[in-house]
Every structure is written in structure tokens, then in C-alpha cells.
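There's a structure below that I have some questions on.
Every chain is named by a letter (A, B, C and D) in the order it is written, and numbering of its residues begins at 1.
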């Protein structure tokens, strides 16, 4: 098929490569002209010609509305816009409605796979009307991994990003599970020096074998006690949204939230809450506090 | 090699089969004579002959001391006892010392793989002196999975069961992660009816692909909304020991403990703590309480 | 002073009583004419006369916008509206701005005290401009408790409801703390039959003495093992908002969120997440599941 | 009454003062002769004379067995030993049995009150046989606070320390609740600069008024943003034991454990678990890690 891609960063650029390798015609647009196939959004749309056009957005979340403002007038009724970014699912419905006012179709597509996706394929979770999804299926078929799975039509508008959000929420807690286990093994005299070997062995035959475990083993091969890495973890939004969605639906998510909070804590120089704990202990028990300057 | 196995239940029996298929000579003993290869522990030891004997224990944790009391006098210096059960790691050191008084060697071996182990192999985590481990290596090689991994010498006495314990602690939290994600998807109108398909798709290309995810998909294929299963989860000890070990070493394990507590709660008819919450709300706010008889 | 109160339910009605006992002139309005002092909002405003009018809203959160739509045209520039309900703090700023367009002042006031407030006074947390707060001070002075504390100007628009929200978030976790402790004591053979006496004794001299502890003791005096109360706890919104605000500001709140999740769980007939845990255990270990019909 | 006190540190010394002020005759013994009333345990026992002797131990947990080894031969059948230290409850039963072999009675007494106890009285939770408790009642009556409450006979051997342990477990979570709330308020622009005033106001009329809240307010009066205190919190054992007891009895304690884990985390220079999270994120997403040396 033929499609445009707006945003040719790490993800968008790799997807362009994978799509072209799969035989599709891709016209990319990026503000960085060195990697762009077109000089402007208008030029990209022109190059796509007069037939039904498909435009895949792979831009930062904050940029989507600006892109759509410029792109919408360039498109015609029947064209399709796919948002493949890390958008909050609740924004998809309103955007679909806004585009529908111009007769333009909209799909939301959650994408997993990170830097491995170009070679191994991207897991895709798509939301939107079945007939529009059907039209774009050849694109999804090329992007997805070679295996039997890795693609799903998850429901109507927002369902793709919702499924991806929950995927990431699960991911947070699974990572936290391995991280806690690693910290515990590292702390135990009993298994000293055998920790990397233990994790490596777990890759076959155990209940907890997984792709994340394989990545963990790779990380330990590069730095066997992670002494070169600081215990500082960002979060990219989906974890927060997962907990918020859970709260909204009264679903208890203690493991996912504990993973999120552990990341928050990791980014604090000094925990305000623990200052207060120390202050209260000092008040009732005369327990010494550590002065801030000792840090 | 030649070895005895004490305890021929689901695990021990399957391991006997796998070992025999691998060319080893196994003399099993079980209280249930219908499945036993020997009439008594003494008979089993007799059949093993006068050379260095290896006896693998695959009995319930509570039965180990009783078996060792009967078995020890039947063995001679240089013989090897391997505990392959779900023993608490802290018991291994004292048992090794007690057997060492008779010149008998001891290994602890954590085993993962469940009902799948017979065919796919068992992941093994072994604790004990290197030379004793070396002697038993042919047995471990047969029991382990075919892949490159699945076996590790994790350290000295107790290290095998310690590694297995942490494996299970991680397992608790990983399962909790998927379970929370599933509950959230089930609760969301956005993805209604697509939940099993979403999980199925995640098996390729996602960050959270794993063996447990595959098992989860199998479970949903058998019962797509789990309407036939009650939300009641046992725990087998290792999760508790993991949290206790973490507390002992001042290692924070919020995800693992939340998984453990969720299982505790699942087994309560009615939460005592929540009775108290309801009672306090009633006291300060006049909020209605639900009478217990409504249950 | 003179003021109108819209909403004369449990809270609004008691506040009217306390204000009148404190010498204020109160014109109440409620849809229920039997308890109303006025036949309509317009009648209420008429009765307040032509001077600067103060109207205190004590209506359900969902009703506020409807009330304001009717009330605003009846007021004149310089009048003051105080929202004393359990409003989400983020709604205060926009409402203040909307009223400001008509020259009407707005204050938000978080109120704590429950059914005890009429006699003991209500703790008040007020948000809004200092000069408007100053004007209404006599009202706050009458409503607040007799002690030295119990009233605070917490900041500009939204600060009153924000402070009240955090108060309730803390309350959730404090209640959870006592509830966990009570469950633990109830479960321990060591202190059998002494549990109510233990809590009663804690009211003096301990680090954990508090008003909630006193309420807990009252609850145990009425039902010494809470056998008549079901472990079912509602949540009223502030706990959810607290966790959401924390997530928004990357503040870890593990205790508050665990209290919230415990309430969510208490309202589930059967935990979906635990169904999935049971299903996965069955898949890998052959562990029996409990059929849903056993419930 | 007449009694001996072994250990005259901060707690033991203050208790001696309070008991003497209450009319009791106290013979204290401490290794530090400058504060001791006796030159040795034997001298202390001698000074107590030949009647039924009562000896109160107020020594560090690790020292108790050594003291008892020396003290037991000096006592006679019918004498009473009271352990007022922060002993783990499970050690009380065996110690009571050991002393019973010499006909010596034993009581365990959990003590709360910290540095405030000398003036305000100590909350006491006593375990042991009723008749022995009865004999010592005048001592407890003097030590306890003046109010109606503050003393309880909590059950047989171990019950006093068990109740105190749960008290401290609750205390951990209550402190965590306030600490999370404080951190949240500190983080919010809405209430900037009003945080100490908000907490001060909460001391009257709110649902969360408590003694700990009053201590918190004192702490903020001394250092209004706690800028001089480091977020570093010790734990003294009872919190750990509470979670372990809960695990042993399958009681979910998410709030108490989260408070414990937050303290563990506060003492880590860098979180090992978060190193692993960062390492895995880098592996799958190419997310940058922060080098340890930036610390």
C-alpha cells in the first residue's frame, strides 16, 4: 500500500524502513529535512496522490493537535489518519469525532516493541471501526512480528491505546517483580557471586521465563552488578494513566501502583515523607535525626 | 547413573520417568506400594548396592525430618542426599551439618516446572559443595530442560532453595501484574469482548511476552471470562518466606508483598479489617454499615 | 451575620442550627419544603435583602452547577458564594472565574466533623482571596470547634478543598492502619478476648492515641467483635482524588493507595484478579481451582 | 511497693523517677555506677531483702538473656521478673518457662510513651498470669498515665509484647499516612506556604486529630519545611515483627508493610531495584540510564 508517516524519529523512522522492506510505498514527513521525504505536510499529501490516503502519525503526544490542525484541511473525506503514538486513550474519541466532521476516518494504534521492533516487528493494538481497520490491514500485517500473534483489533476508538496502556501498566509491575527479586538475591550472602548465573539459568524451564528476563540477563552480562547504573527510573505516562483508569473503575491495582511509586521515589534526592517520619520519631522518642547536610 | 527417589507423587513420579528416559537407573520408594519400586527405605538402599549412593528426596516439607531419621542410619559415609522439595532454605544448613556428622553429603535443589516438567524439563537451582554437585551433574543434566539454560549451581548449602524461593516470590508478583491488567481490561467498556484476543495478541512482539502469558491465554481459551473459577488463591509458602527474607535484609518488596496479601484477602469470607473501616465510618459520619447477614 | 444556606440535609441542617445558636441570621433553602425557610432560591435571596449577600452551598457535588446556574442571575456584584461541599478542588478555580464574570466572589470551604460537628464544631479549610475570607470570618468562627484550632485559610481558590482532600486521604490510611492492627490482634491466640480492652487502654499514653481510636473503641463497645457488620466499605471520592493528585505530582502514596484499594476489594463479590491467579496456578502447577458455584 | 530496676538508661531512669515520685522504693542497677543505686545485681537483690522480690528489666533486647543468666540464681521461688523492654513476643513464653523451673514468675510488659512518659505516664500492656499481674498492680498504676486508660492486662505470657508490637505496627502506618499527606501538600502550588498552618488547624475538629498530629505540628514549628532533617528513618524491630506475624497468620497488612518498606528505602544510598528497572528500560527501549557517578 501507500501511506504517509508524520514523524521520523527513532520509532517512525524504523517503521518506515520496515514498511518499505515489506513492499509498501512510504512518504515520510519530518521537520528535520535531512530525514524527510517531503518538504511539508502539504507536499507529503500531494505525493500520496488523489486516492484514499492513509497518514500515520508518529509524533510526540504534545504535538498531535498541532499536526492535526495543519493536516486536516489537506485531507479529504474518506482519508484515514492513524495515531501510532503514546496517546492517552481518552483523547482518541474526541479526535475521531473532530475528524469525522470532515469525513476523515481515525484509528488509534498502540505500538510495543521499542528499539527491537524494526527487526522483530511491532506488537500492534488497534482501535476504530472494523471497516477502516480492514482497509489498513496490509500495513499492520507488515509492521507486526512474524509470529502468529502480535496484532489485535481491540475495539472501537480508544481501544488500541487503552490496551497499550494496560500493557504498559502490566510491564511496570512485571519489571518491578524482577527488580525486587534481583535486589533480594544481591543482598543475600547465601548466593553471593552467583546472581547473574541464577538469572541466566531461569531463561529455560522456569515459571518466570520471559522476554524481559532475557533483557535483564543481557543487562547483567554488560554490567554484572549494575554498578555503573544509577537507581533512577523515569515513567512515561502509561503507568500513571493505568492507575488512574483503575481508580476510575474501582479496580485495585496494588502491584502496578507500587511499581509506579517506586519509580517516583527513585527520582527524589531526599524523600519529603521520610523527613516527616524522622521528625515525628524525634518528637515522640527523642530518636536522633540526620541533618540534611550529611547527604 | 543410579539413584534412589523417595516420594513418587506428581513431581517425584514424573522425575523418575524423565530420569529413566534419560538412561539412569532409578529405584523409587513410596509409601504407596502400587507405585513403589521398593518395599521400604532399607530395601531401596539395598537395591542401590554398596557403591556411593545418591538419594533424591521428593517428599512434603513436613515429612523430611522423619524420612531423614529413618534414612540416615541406612546410608554410609560418602553417600549423597538431595532435597528436591519446597524446603525453606534456612533448614538446609542445619540438615547438611547433621548429615555431615555421619559423613553423608547433602545438596538442596530448588525445582521449577510444575506439571510441564516431565516433558519440557525442570529448571534446577542447586546448593552445596562444588565437588558433590559435580558428582550429581549427570542427574541434573537429564532433569533440566533441553535449552541452553535451566540449571544453576547457586552457591553453598541453602542457595538452591533460596534461589527457588526468590523465583517464586517474583512469580507471585508477575502473576499479580497480569491479573491486575486482566481485571482492568475486563472492567473497561472500551475493549468489551476483545479481552481474550488482546492477551492472545500480546504473545508476540510485546515487552510483556512470557510463558505465564501463554498459560494465561490457555486459561482464557478454556473459559473466556473465567466465570467458572472462583477468585480464591492459595499460597504455598515461598511467597511468605520471600517477604520474610526481604524484611530480614531490609529490602523493600512492595510488589511481591502486595501479591501475597491479595491472595490472603482472596481467602477471606469477609475482611475483618474492612469491618473495622465500616464501623469507624459509621461512628464519625453516620455512614450506614451493611449487616453481616446480608452476605 | 446574615447568610443563606442552600441544601439543608444532614450537614447543611446541622450547620444552620449551629450558626443560629451562634447568633447569625440564616435563611435556608431546600427542595424539601418541610425543612426549608424559603420557597425558592429567589425567595431566599429576597429574604437576604439588598446588602452584600453571602450564600453557603451545602449540596451534592453533582448539583452544584445546576444550583449556580439558577443562583447566579439572582445575585449581584459583590455578593459571596461559599461552596462547603465535597467538591473536587480542581473545579473551584473555573467556578470562581465564572462567578467573577458577574462580579461575584467565591470561596471554597472543606468541612470535616461529620455528625459530631453540630455539637463539637466543624473543622474548616478555606480557599479564596484574603479579603473575601475576612468578610466571612464571623461565620467560620461560629462553625469551627471551640478549641484553639480547627480553622485555616489554606490559600487561594481550590486550596480549601485541596486541604480537605488531603485530610481525607490521610484519614483513609490512618483508618486502614487501625483496621489492620485490629485484624491482626483478632487473629492472634495470644490476646484472645482481650482485644477490645487493648484498644480501650490505648486511648491514654500511647503514641497512637487519636480521635479515630476513640471512635473505634465506641464501635467495639457496641459490638465487641464487629460480628454484626459486613466488611464492606464505600469511598466518597476524596481518597481517589488524593491518589490522582499524588500521581499527577509524582508523589509516592503507598499507604493511602493501599487503603483505597482495600475498600475497592471489599466491595467485590469475587475478585477478578484472583480468578486469574487461580487460573494461572492451575495451568502451570495443576493446582485445583474452586468452582464459582461453591460460593 | 519495693522493686529493683535493671537498666537505668533514658527509659529505665525516667521510670525510676516516676515510681519514686509515686511513693515506691526503687533499687536501680546499671553498669554505669554513676547512675546506679547498687554495685551489682547481687547487691541490688540484697537491698530488696528477703520478701517477695520484683525486678523490672529495662535493658536492650540483646542483653536480656545475659542479665537473666546472672539474675536467676540470685532470686528465689515466688520472686517476679518483669521484662519491660522491646522484646519480641515469641521469646516471652520460653523465658517464662525457664524461670518457672526455678519457681520464679515472669511478666512481659510493652511500654509506650517515649520521652514523654516520665511526665505524662507510660501506656502499659502486660502479659502473664492474672495473680502475678495483680501483685504488681501498684507499680503499673504508678507508671501508667493519669487518665482513665493506658493500662491493660492483654493475656498470658507474650500478650503484652504482642499488643505493643501491633501498637507499633499501627504507629508505622499512621505516621506514614501523615507523612504522605505532608509530602503531597508540600508539592502542591495551591497551598504553598500554608502547609504548617493547615496541619496546625487540623488539631481540633477534624477526623484525623491525634497525638502524632500534635507532634508533627511541633516539628513544623521548629523547622517549617523540615529542610534541616534528612529523609532517613530507622526502624526498631516491632514493625518488622508485625509484618512477619501478619504473614504467619495470613493477615493482609498493605499499609503497615508499605510504611516499613518506605523506611527501608529511605536508608538506601541508591535503590538496587531501581538500577534494574533502569537497566531493563535501557534494554528494550533504548532509554538512557544515569551513570552511577552522577550521584
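Observations on the model:
In this text, a residue touches a chain if its C-beta (ideal position, glycine included) is under 8 Å from a C-beta of that chain, and two chains touch if they have at least 3 such contacts.
For each chain, UniProt lists the protein as follows: A, B, C, D = 6-phosphogluconate dehydrogenase (Decarboxylating).
Everything quoted here is computed from the prediction, not taken from an experiment.
When you average the Cα atoms of each chain and compare centres, the chain farthest from subunit B turns out to be C. More inter-chain C-beta contacts link the pair A-D than the other of A-D and A-C.
One finds 33 Å separating the Cα centroids of subunit C and subunit D. Mean C-alpha position of subunit A lies 46 Å from that of subunit D.
Chain centres here are Cα averages; for subunit A and subunit C they lie 37 Å apart.
Multi-chain contact residues of subunit D (touching two or more other chains): 114, 176, 178, 180, 183, 187, 207, 212, 251-254, 258, 261-262, 265, 271, 273, 284. Chain contacts here are complete: no pair of chains fails to touch. Here subunit A touches subunit C in the complex through residues 207, 235, 240, 243-244, 247-248, 250-254, 257-258, 260-262, 264-265, 267, 273, 284, going by the rule given at the top. Considering their complex, residues 89, 112-114, 117, 120-125, 127, 144-156, 158-159, 162-163, 166-174, 176-178, 180-181, 183-185, 187-188, 190-194, 197-198, 200-213, 242, 245-246, 249, 251-256, 258-259, 261-262 of subunit B touch subunit A. Residue ranges on subunit A touching subunit D, taken from their complex, read 10, 114-116, 175-176, 178-180, 182-183, 186-187, 212, 215-216, 218-220, 223, 226-234, 254, 258, 262-263, 265-266, 268, 270-287, 289-292, 294-295.
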